[in-house]
Amino acid sequence: MRIRILVTGGTFDKEYDELSGRLFFRETHLPEMLRRGRCLLDVAAETVMMIDSLELDDAGRARIVARARDCEERSVVITHGTDTMVETARALAGARLEGKTLVLTGAMVPYAFGSSDGLFNLGSALSFAQVLPPGVYVAMNGQHFAWDCVRKNTASGCFEAV
Amino acid sequence: MRIRILVTGGTFDKEYDELSGRLFFRETHLPEMLRRGRCLLDVAAETVMMIDSLELDDAGRARIVARARDCEERSVVITHGTDTMVETARALAGARLEGKTLVLTGAMVPYAFGSSDGLFNLGSALSFAQVLPPGVYVAMNGQHFAWDCVRKNTASGCFEAV
Amino acid sequence: MRIRILVTGGTFDKEYDELSGRLFFRETHLPEMLRRGRCLLDVAAETVMMIDSLELDDAGRARIVARARDCEERSVVITHGTDTMVETARALAGARLEGKTLVLTGAMVPYAFGSSDGLFNLGSALSFAQVLPPGVYVAMNGQHFAWDCVRKNTASGCFEAV
Amino acid sequence: MRIRILVTGGTFDKEYDELSGRLFFRETHLPEMLRRGRCLLDVAAETVMMIDSLELDDAGRARIVARARDCEERSVVITHGTDTMVETARALAGARLEGKTLVLTGAMVPYAFGSSDGLFNLGSALSFAQVLPPGVYVAMNGQHFAWDCVRKNTASGCFEAV
């Protein structure tokens, strides 16, 4: 079983630009993270976009949905900014991709910053993607949520059931 | 659903003793790892032992089995050295703990060493423990294996199906 | 010989706020850095301010100069944002603090981000402060510069002689 | 002014072998450390040996002395295991390399392990090497010691004046 990973950016992949003092995107850290996790899953990764999810619009969401629909894998992990992760989950659910297990994950702290939750979340999302039945899920904080039962608590930065 | 985590040591929890230049055990890093992963699962963790799994004997294995049997949680993650992880999985399977999902995991590099796979594996094991049916599993390299279908390839350091 | 360390903020001490996604100041990381360096110098550290050096005005500079003047130590290290480090060096030189060796240093990447140059620079600045003759210096990139012979190259992020 | 760096191994450069669970030497981390420190000094680095300093014998010491003598630079930093750093300092002093400033440094924790003091010590040693008068020194714990006034306290792991 091969797993498709769609990279879309988010805090997960942000870096610090030492000249401007601002956060920015360069390449995804996903390959390095898979190496560090000694991941031996059959994984096909692609970068769909590198964007702060607050800047993601309907057209961008449509591109993510299209890639999730068109890829041949039945298990798909999508790395995504946390701010609008639930909106993208809803868009994916609306596309009714029968037979596919779609798991969105991200990070509260960039992987590049040492104290990141990204590696934990990636291990979690890849695992859920292998064993959950078809559907659209958010995997954060060690938990998984069906797309229509979750929200990000913006005060705590945590995902919670609704 | 609460998850029991049984800590038994292994590379996962080794540290560097700067006076002797040797690796040793102090406290488990599990609580720090759960914080870093922003883990919000209901988790009950306990240290059963802190041991290199090459030094684990039948009596030690019996203690691990006893704790896995006696704890009230139906989902149990066991952190364990990789060298004899499969032997302990077999001992757990032999105990026929009906209705329990038992997931063993570990690390090839100590969590304290920066380049560790431990955080990835912990996220993975906690996720598998929530959704796999009752049984005894090894979760390493992003994969999960039934206890009787896995071995550690000592040349590569990876777990593989048999 | 005791060394005074005056903390003023700068990239050196910035952290990532995982709720806002922005950089901010909390406590200085200096004590942790000294522990990590196993530093056994007799050091008296104080936080004068926690500020991005682009926001440092004449009144703020006057406070730094006052503390450098009033402290009893003859060796002083000042952690400082790199953008206006040279301006503060000039203000310190203008105060003509006879008999004092004043060394400014900072970082291009926050200490908290793993890939930081901060620890290297701190080791360097503390060493220069012990052995350079009285004067005002900038210690960055492994080098030391007299206050009136240095500028920050904003294109490269490096300090260079003028 | 160019600085010669002689790499000899020591904890500074040890790595963790995830197959054997033991520490070993591969390549030196010095170039990565210089990059991380954004070091812009004119540095010529060479690996003389990669050895635990407890295994360093008279012939090995003679090789280090020979390289320190034969290199054309007047400032030399030597990375070295801490256990016999003082013995090598003595051998260097015995060679009476007139006009040369020789600074030995090392680390209590391998650079590769995240919590290392190596980067701090390297910044310190390179700085002392630029400004101390000719002689043989040990730079550890933020301090510098003349070769005949220092010992490693094996109980604390710290260097101290004698």
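A, B, C and D label the chains in the order they appear, each numbered from 1.
Here is the rule we use: contacts are C-beta pairs under 8 Å (C-beta built on N, C-alpha and C of every residue); 3 or more make two chains touch, one makes a residue touch a chain.
None of these values were measured; they are calculated from a predicted model.
**Q** Which contact partners do subunit C and subunit D have in common?
**A** none
**Q** Centre to centre, using CA atoms, which chain is the farthest one from subunit D?
**A** Result for the farthest chain: A.
**Q** Per the centroid of Cα atoms for each chain, what is the distance between subunit A and subunit B, given in Å?
**A** 26
**Q** Whole-Å distance, subunit B centre to subunit C centre, using C-alpha means?
**A** Chain centroid spacing, subunit B to subunit C, equals 45 Å.
**Q** Between subunit A and subunit C, what is the separation of their C-alpha centroids in Å?
**A** Taking the mean C-alpha position of each chain, the two centres sit 39 Å apart.
**Q** Could you list which residues of subunit D touch at least two other chains?
**A** Correct list: 108, 115, 157.
**Q** Based on the touch definition given at the start, go ahead and assign the chain network to line, ring, star, complete or other.
**A** ring
**Q** Output every touching chain pair, sorted by label.
**A** A-B, A-C, B-D, C-D
**Q** Applying the document's contact rule, which stretches of subunit A touch subunit C when the two form their complex?
**A** 11, 16, 18-19, 21, 23, 52, 108-110, 112-115, 154-155, 157
**Q** So in the complex, the part of subunit C that touches subunit D is made up of which residues?
**A** By the definition above, subunit C touches subunit D via 33-34, 36-41, 108, 115-117, 119-128, 130-132, 139-144, 157-160.
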